[in-house]
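What follows is chain A paired twice: with chain B in the first complex and chain C in the second.
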Partner chain A sequence: MGKANLAGSNRQPWQARLLSLAPYISIGLVLLVLPSFLSTYPLSILTKVLIYAIFAMSLDLIVGYTGLLSLGHAAFFGVAGYAFGILMVRYGIESFWLVVPLGILAAGIVAAIIGYISLRVSGVYFLLVTLAFGQLLSVAAVKWTSVTGGTNGLVGIIKPHLGLPGFTWTNFSFYYLVFLAFVICFFLLHRITNSSFGRALVGIRENEPRMQSLGYNTWAHKYVAFIIGGLFAGVAGVLFASFYGIMVPGHLGITTSSSVMLMVIIGGAGTLFGPAIGAAFILVLERFASDLVPERWPLILGVVFVICVLFLRGGFGSYLSRFWRRVRLSVWKS
Partner chain B sequence: MDVLPAHFLIGLSLGFILFLLATGLTLTMGLMRIVNLAHGALYMVGGYAGLSVARLTEDLVGRDLAFLLGVLAGGLCAGLLGLIMETGFLRRLYKRELDQVLLTIGFIYILTNLTQWVWGPVPEYGYIPSILSGSIPVGGITFPVFRLAIIGFGLAAAAGLWLFQEKTRVGAIIRAGMDNKEMTMGLGINLKLVFTGVFTLGAFVAGFCGLIGAPLLGVNLGVGWDALLLAMIVVIVGGTGSVQGALVGGIVIGLVVAFGKAYFPQLAYFTMYLVLIIILLFRPSGLMGRTI
Partner chain C sequence: MEVLRVKGLSKNFGGLQVLQELSFTVEAGTKLAIIGPNGAGKTTLFNVLSGQLPATAGSVYFSGQEITRLPPHRRLHLGLARSFQINNLFLNLTLIDNMLLALQGAQHPHFQMFRSVNARTDLLAMAQNLLESMDLWEKRFDPVATLSYGDQRLLEIAFALASKPKLLLLDEPTAGLPGAEATAFADTIRNLVEDTTLIFCAHDMDLVFSLADRIMVLYFGQIITEGTCDEIQCDVRVQEIYLGSGRSSENVGSG
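Let's turn to the complex of A and B:
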């Protein structure tokens, strides 16, 4: 990659730039025009894929870049969705400009609290503690029936009012909202991971004592990364709640956390675009499997876990970026 | 009437089940640095298998012996699954924590779904041998004999496991392996075999508890996650890598849950989290833990 970049920057910088942006632009264009060819049902799956892609990318910042094994990431997704829904259903606040930021803020606050306690331990202990907190919130959602609706879930969430005269949500316009959120989140996360802060996170993942001896406050870096990841998960949670109109306690707990973790791993941790592909893969697979053998879906999912761990080291992302590197090199040679 | 001793005994019996559950988890974490998230699922399979065997053999050998056979069958079943998991899969993932986590989560899904396939979705309750059924008066209240038996059995198991860890050659190898893997292998010890043994033993103990703990935790498809969560909290509170840690953690959490249920029934579930948070804030390595 270094060679290609060097060659590019020496000769035609704008062409090199264009080439490196080509996959993003083409995928963006496909996602932009695809809805015109889709009926309601596939469009809803595509919307769900983009929401989960944001969710998976937010976890990638924590797991892939910072190297923190968080198995409680659904807590932030769920808290944002619940906060959004509670404001709407219990307090009647329906303005987009209020409920969306407040929902995301709630996720950030919860991430700040859970992160503060969990970051006292590291490695697999961190994993156990985050898992435990996710379950805690999930049980709280079950027991606090008057506010959360208990096991039946919080129902009656609607899509928030934008405050534009004459505007009503359709499946199409909501898809484009999700698409816009996806593009913004991807851009921001891309900038964060390529900033000096992001480089420091990778340094912490690779060798924390070394970063400490270089003078980095690694605890603060990890803490901030954890909160940022929580905020982006909150974006996904808010979108999810308004798209489906319901939040259930399971959205906070281990089942959601582990499936988003699988999306990250299967897509390639630490690649950012990989987890988005992982989300698409898992959700489409789930769609087919639950049409064909609804009873056995968990079994299939479990086997996917095992196969991807044993045979797919590095995830789709690593294969794709290697492939793309080769394409770019051959383009430059010709 | 003073109910304090009753809550104490209830907490203690739960604590010993939690101790047994957490032992396997803590030893594999301490020795192999593997966190086996499927530990609770093994417990669940042990419970179902034990219940089936007990019911099948009841007419032939009587309720008491059937219970013993069931407990043993549950342990063997889970132990076998543990052996397959370690030798077939986890062994290849040494030092790859994230992959171990995913693999064991995959096994939870697989085991839970297979259990549902074989035994159906209806939750089951405990199987209590006739010799241990009924209640006896303890300090002015009547208390189920089965729970007292759990306490007795738990004490015996704790003593046995402690002796195994501290006084036997294998126990010494396990402790050495936790402290310094390379040195232990350098002394000519086949640590791979020890890993397999410890993992299988942990799985066996989890499955063994399946039927014994059934009247306390139930036998259902959700118990895999519940048991895992409890065992995890016990491990964090008690500290990793030792039988003593699991024992202390188990009893603390058992008592906290029992007293929480008695005095704050609405918030019972959250009391153990309070303990967890306090421990993490003030003693992150656990009550009896080595430094991590």
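Let's turn to the complex of A and C:
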């Protein structure tokens, strides 16, 4: 688990603030201009990376900051994608301004229900209950063929209409929608994790009974964090559904939940950018591995995971933030 | 004015009766010491008063309001704060982060999601005040795990004071401190809690007699006696409990 940043440093001069923003701005600029140099396939990988980065950051709020090990996070991703797709395919609602908020809202409602029940227990029981809910929804998606399309998946989802005359989606313009969503989600989650509420979540992760005797209603904090995590997973789910045009039951269950959990752990739980890096790392690795040694991907992923857990405690995120702090200090001194 | 009223309070762990029908009241401004041998039920009483453990029977009133079944966080907001016998801190976080958590816990509302903690100058000023009064401000960026045991002990007290409580419960504030350090620590505590109603328990009799104006003696979950320091010092039963443990039980009634 990453340590919280230094709080209480008095307001920094603008040079220091600019320096601390530098990595975010430079990565943002790279993501902004990179598509111009990419052909269709690499661009689709990059789009997928950003979608999963949102998904992984949303799980990080629950796992990394609040310390709740949830193995059912894909439920919110999947429900948002399915709700979005069902509205479009079964009801013919194709306006962006309707289907996107409704899809995200569906994820939030499901998170409110699942969280209300599963937060009655903690630790490994919480993990099992969230896992069970994910599997339950995934089985429901298999059985409820008339609505969800069953094991064949829900097909025919298109990219929603923005209502702009003469505008049609291209891979290029859709990438920028995802990029915009990523920037907004990162900004909001960054604000949340650095707020009083976010610090309280870290306190709950570190020592929940103590937080109660300090005056915190820890249950309410965990519940709100769980719903917020669900809403952001919903953003990723909606983008995913419209990008690939299909949702399958596996998107709700353990397969998806565990791969996003891997992204969080390898990237560094408790640092917001870490899970985003974890998402990029795993998806790019997957792309090369399935080129070179198709069918061996799960094996490679397993080995990578073992290596990361043994030698990269705390994930990439904690190493990078330590490295960056040292750079900042040395720049600041000179 | 009465701050705390405890009526017939009992706590059982299975068949073990740790607290047996305790009844007492605490007036505002009192410094009440609870003493008694190990296993007397002092820490359990604190845990029941602050809501960490549910009472088996009886009731607790705080400023006239019944709080017997309130969760710990609600009791804190009413003005009842506590420290722990064994340091109970956020060891991986820095000292200032610890202090800010304690300060913002006492405030309403907690669900401020978009304002950076670093912009909360009100909280920072309070944290600086408290930490400076304990000579800890210089160490504010150190992780609490790296602080000395005595400094951690001070932080434990600072946590309890952060909410400016009406009633403060200190469970063995000097526990684990070597003699000389404990004496200095007692002075610090006396300055900090001057205006607060206080209940504390301690084995260190120097601390008890220097800090308390009333003493309650707890023995196997029962209140043996309660009174001023002089009364307690002269009490035969108390002397027996502390000096002659073997004979005490048969003589309890006769003294």
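Just so we're on the same page, the second predicted complex is superposed on the first by the 322 of 334 C-alpha atoms of A that agree within 3 Å, B and C clash if a C-alpha of one lies under 4 Å from a C-alpha of the other, contacts with A are read in each partner's own complex, and residues count from 1 in each chain.
Keep this in mind: a contact is a pair of C-beta atoms (placed from the backbone, for glycine too) under 8 Å apart; a residue touches a chain by one contact, two chains touch by 3 or more.
Because the structure is a prediction, the values reported are computed rather than measured.
Q: Answer with first, second, both or neither: which of chain B and chain C does A:105 touch in the superposed model?
A: After superposition on chain A, A:105 lies in contact with neither partner.
Q: Contacts for A:310 in the overlay, against chain B (first) and chain C (second): which applies, first, second, both or neither?
A: A:310: touches chain B, not chain C.
Q: Based on the superposed arrangement, let me know which partner A:121 touches: chain B (first), chain C (second), both, or neither?
A: first
Q: Once the shared chain is lined up, is A:19 touching chain B (first), chain C (second), both, or neither of them?
A: A:19: touches no partner chain.
Q: Under the stated touch criterion, which partner chain does A:132 make contact with: chain B (first), chain C (second), both, or neither?
A: Only chain B is touched by A:132; chain C is not.
Q: Taking the superposition as given, does A:254 touch the first partner, chain B, the second, chain C, both, or neither?
A: first
Q: Answer with first, second, both or neither: which of chain B and chain C does A:298 touch in the superposed model?
A: So A:298 only meets chain B here.
Q: Can you name the residues of chain A that touch chain C in the complex?
A: 1, 3-4, 6-11, 191-192, 194-200, 202-203, 206-207, 209-218, 221, 224
Q: Considering only the defined contacts, which chain A positions touch chain B in the complex?
A: 63, 69, 71, 117-118, 120-125, 127-129, 131-132, 135-136, 139-140, 143, 254, 258, 261-262, 265, 269, 295-296, 298-299, 301-306, 308-310
Q: Can you tell me which positions in chain C touch chain A when the two form their complex?
A: Residue list for chain C touching chain A: 50-52, 71-73, 76-77, 81-82, 88-94, 96-97, 100-102, 104-106, 110-118, 120, 124, 127, 140-141, 143, 159, 162-163.
Q: Under the definition above, what is the set of chain B residues touching chain A in their complex?
A: Going by the criterion above, the answer is residues 29, 33, 35, 89, 92-93, 97-99, 101-103, 105-114, 117, 225, 229, 232-233, 235-236, 240, 266, 269-270, 273, 276-277, 280-281, 284, 292.
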